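Before I ask anything, let me first share the structure, which is written out below as structure tokens.
We call the chains A, B, C and D, going by the order they appear; numbering starts again at 1 in every chain.
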């Protein structure tokens, strides 16, 4: 094996991206749409005006918060699919404060954000306890809790929190202005939340690279049994990782109700949690890539709104593009493994 | 509620459980061979669409089921290829495919939304259908239900009573041992993952062509995850898995009945039942609870209880092959 | 069947595991294959049995060159291998394991069961076809594997360290059957072992490998020293064992019982003094593991009481045990103890200081380097632990043990290690012992138990059969005891 | 309207909460938009469907409107009460664009800026006709109603169906209204959301298993008629009445008794023409049917179309009922009407006012199923 990389090896990481582009281009052609028009519509939709850019950033905030949290749980070897529910419960908790507490903005908003974090943390801890004490794999516990969180929101907005004119099932009545995050230039972007997301990500990065806790999580994720024997209290660290991830996700949910919307709505998250999982998978759990990928996802999704309006194509196209991309990167992103797989195939008689 | 109504309800429960039973059998086969196909939710959706669209376009139900099976098989093939050849994490691939199947079905299904289309005709089996109680429940159904029931028996028999089944299980339990005995582990894992995936595909078509006829975005969303949980509840046995699927269907039917009997209880409470049930059941069969429970049970009860409660996954489930 | 291996070459990356090895095995004879850890014995045998393919070289059976793509092909050609850890499927029944991979030609399971019991009878083995394999002892599982290979038509039988973890009776039975196979049935037998005495007792001829090369063949029996000289460059003389310190009672177990779904440990009472070494003997699954893990706090006591240094410990668990200066080293190093994916430095940081918020990487790196030097670990602070050899992993595990421990609990502390590493480890333990650390260990190697313990507890079927001072017993006697004979 | 104005250069936006082909609520609006395109030559429609947080968490009404305005839309329909508030906000942002929110009441209450109208169809009587058709057909005397979620609108529509059913059961079949069983099962939303709502397929199945032989759908989608059609094909004697989309009977024509539907085209066209001609003014429209021809798609805002499953005799009786409703001889909401908990609501002989009907607080006495 030579030390210098071959040319193929160097361009390899770009190939899945190109392949994903090819797949979507073929889909576009099959639907009779000009790919150039489609991609330029997407670009316009994401970056065409400053308002679009703010929208991309506003959508990025909860996504980045959730993805940052997931970096922690993945490090600990946990598949926190319940993140969707944690976002929702963060939104619910923030809404509770927004609806029930009357304080000056300077106190109200921090209280709402803290409540959001507590709500998400609690819901995550529940999935954690189900795993550590109940032996329920976090994928299934999390999934069930996601649906329960959605049902709980529906119950609230159709029941106790319905607006005075009656439950329309759309959401609660709008929160007072003092309870909402200040918005940047008439957009849905709250600079405060963007700053919080960046701080959260930086904090996670510090934890993972330089802290004892991060090291313990890594140990836990690599080999829970050994970590336990080396003195890592596996249950406690797992719960803690879940709770911190849930807190960040919950904060994202809080930001959703306090800036993107102005009230608690049904499906307040709408899959942002699942999207965050895809972000982290595409980033390959790498710190530096995570915010970039999150930004890319946010841009693609926002772009696909314009795509749909200009070409009248189904906007699931954006999801497909990202999905195919993640799949291809997962499958073929690692040059070494691909090379070995195909070499082995040639040399091995056994199927 | 009189007895004919009860019988009718049981018949409907069986019909509504049929796709779950088929999917659970498929996934059980795959996992027994060592491959977790986590893509079930997306795979069910896309195959439901494929089955409906193919049957609608060709007018042939059989082609519908075949198309669906092909879609399920392709999904499973991707999982198998990713893990067996490229040595990537099965769970990650499966999860992404679950998401992708969802959005692909939404995109490709736009022009099929809620179109009237073909459905599997009822087929009452002569003589058997007249058996009191059992006749109406078991034999006044359609081909999908009969297929599901036969599949459960056939899967069980294949897994536990044939040499091929023995080899299948050895690939999921101890691939190194299987390899030394000449079992082509990798090949078997491919075959059974794909076979299991094809069955999942058939389950998808069973929804769109029989149990919930037609197509709409998110038509079967959630059922894939439920099926995966039932495989665990079923302790990787098709019999217990089928029982789990029927119990699940029964609980949902009960919730529908109860909703009407207790109008004062919030609707969400009933819609929460399946998810609460999922958690409860998984806690119950998990080692954490089952083991101490068993240790405390009277000796006479211990064996049957263990059969019902304890479920160890195939030992090499989800692990890549260690080929030198 | 005559076996010839011609210039077999096998490389893993840059590491040459087998370097142009040529050997010959004749029918009707029993061969020993010797060498230190990593000498390449298993690799050579895996190549012969079709588990791995050589980079170069050929296998010749009775004059015909062969190519094996899989163990199945090798067995079809007459070569079967018995691995140290039996390669069977524990959840299967005995019969299912026997059937798996067996050519059947429409044979019904009942017929196969009959064939199995008949074959077993021929070698004095007793098998119940319908029992679950996981309920069997290590020796019985080995017998089953042997029968499977014979039924598959093996003419050449390779046994890789087959005598760890089986009772003296089973060992005698195994050796007797090996002799029958060679002398009466004309089969070719190859025994891979670290135990020179066994090789001397059983084999006619020994090949010795060192660092991937064949360094010689010796007609047996011969003086042990001759073999040792071939195997190692030089070997430090075995240090004399220090006398047991008679300290205060450190650990006091009163009627403790432990319950697991599979096995219950009947009440055990024991006392252990500071500096004392207690060896636990018993077949795998006889209860000694339960006792050891209960002492470590890894299994809850279902009855009885545990005192440490005179203090009763009602809520004994692993974190508490660690706090009280109890260390536990499990058998599977990379499964339970070390963490693949972490570097040596990261391991140091993990155990050194969990209090501060941020890790001081330079300091931990230095610490790792220190330990590497002190414990003679072949590796760098940046090495990933899984890339170290087994012996070096074991050394690093010892390096991570805190100072001033009260009690060290070990499972198979030297399993799979060669004589040199084994001696080194016991030397380390001896030093700890001199400082008052008590040791409890279990081992499948009865020689090790007899040689290293002060006191020996023998277990059978979940019961403490007998506790004797080491001076009053021998490995041989232990071998008979663990089989259940009082 | 071939004689109408030209739509050359006119672009309007159509924002839908569900998929544009749901065979229900959203498709009805979409087709209303297409009706405009067909009748206003040259007009262009930009559609954005599935605007809801579950399907498109990244999209907002404002963002979609921004883009539509950028593409030149001068009229935008926001076709759900979910969009009510956001429509008010964007209407203020784009005072030169006309907004029409469906089913809201901001134009009535005065909360809306001057460029915002509301439209809704008067569906109550059509629901009563649907109930009547069911009552005329049932053999078991048991009707099942698959309801969406509980709010004022759905309560009054469900109750209207019941009142129509009861009236016809007594008047044309000579039975006692108390013998008619009318059971409501709410699924929790306008359409099935797996895992969140009850599954309408299962709800319908359960109805048919427990003696109901006519199911009425109050939800946007077609599960009820699908299941009934499947049962009928297997030999059962059952019927269904779908809801709100004209073509819904197609899913199982043989057992479809008819469909009460929204027909947005004429109203949308009138609004579009007014915008093109520059004489549009704010209004709150709650338009009823064209009683002369309930299925004249060029004139009626809501309607009823007999299905092939309706027997001749039942059709005749139904026609009689319709004519009496048209003439005002019979009113659906004629007292005595008691609430489900027994509280008198509308006195004997009195006819419910619009307000009483609009704000019905619970189901009626004689109906089974939750009111809260």
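Simple rule for what comes next: a residue touches a chain if its C-beta (ideal position, glycine included) is under 8 Å from a C-beta of that chain, and two chains touch if they have at least 3 such contacts.
Predicted model only: the values in this text are computed from it and were never measured.
In terms of Cα centroid distance from the overall Cα mean, chain B ranks first. A straight line joining the Cα centres of chain A and chain B is 29 Å long.
One finds 47 Å separating the Cα centroids of chain A and chain C.
Chain B and chain C have centres, each the mean of its CA atoms, that are 43 Å apart. The centroid of the Cα atoms in chain A and the matching centroid in chain D are 37 Å apart.
Among all residues of chain C, those that touch two or more other chains are 70.
Multi-chain contact residues of chain D, defined as those touching 2 or more other chains: 50, 55, 188, 195-196. Multi-chain contact residues of chain A (touching two or more other chains): 147, 151, 154, 348, 350.
By the contact rule set out at the top, the touching chain pairs are A-B, A-C, A-D, B-C, B-D. Residue ranges of chain B in contact with chain C, taken from their complex: 163, 166-167, 169-170, 173-174, 176-183, 291, 294-295, 312, 315, 324. Taken in their complex, chain D has these residues touching chain A: 46-48, 50, 52-60, 63-64, 66-68, 71, 81-82, 84-85, 149-152, 188-189, 195-196.
Chain C makes touch with chain B in their complex at residues 46, 51-52, 70-73, 75, 81, 87-92, 96, 99-102, 104, 259, 261. Per the touch definition, chain B reaches chain D in the complex via residues 1, 5, 8-9, 11-12, 16, 110-111, 113-116, 119, 121-122, 142, 211-214, 216-223, 252-253, 255-257, 259-260, 263-264, 266-268, 270-271, 274-275. Residues of chain A that touch chain D in their complex: 45, 51, 55, 59, 147, 150-151, 154, 158, 166-170, 174, 188, 260-261, 265-272, 298, 301-302, 304-306, 308-310, 312, 315.
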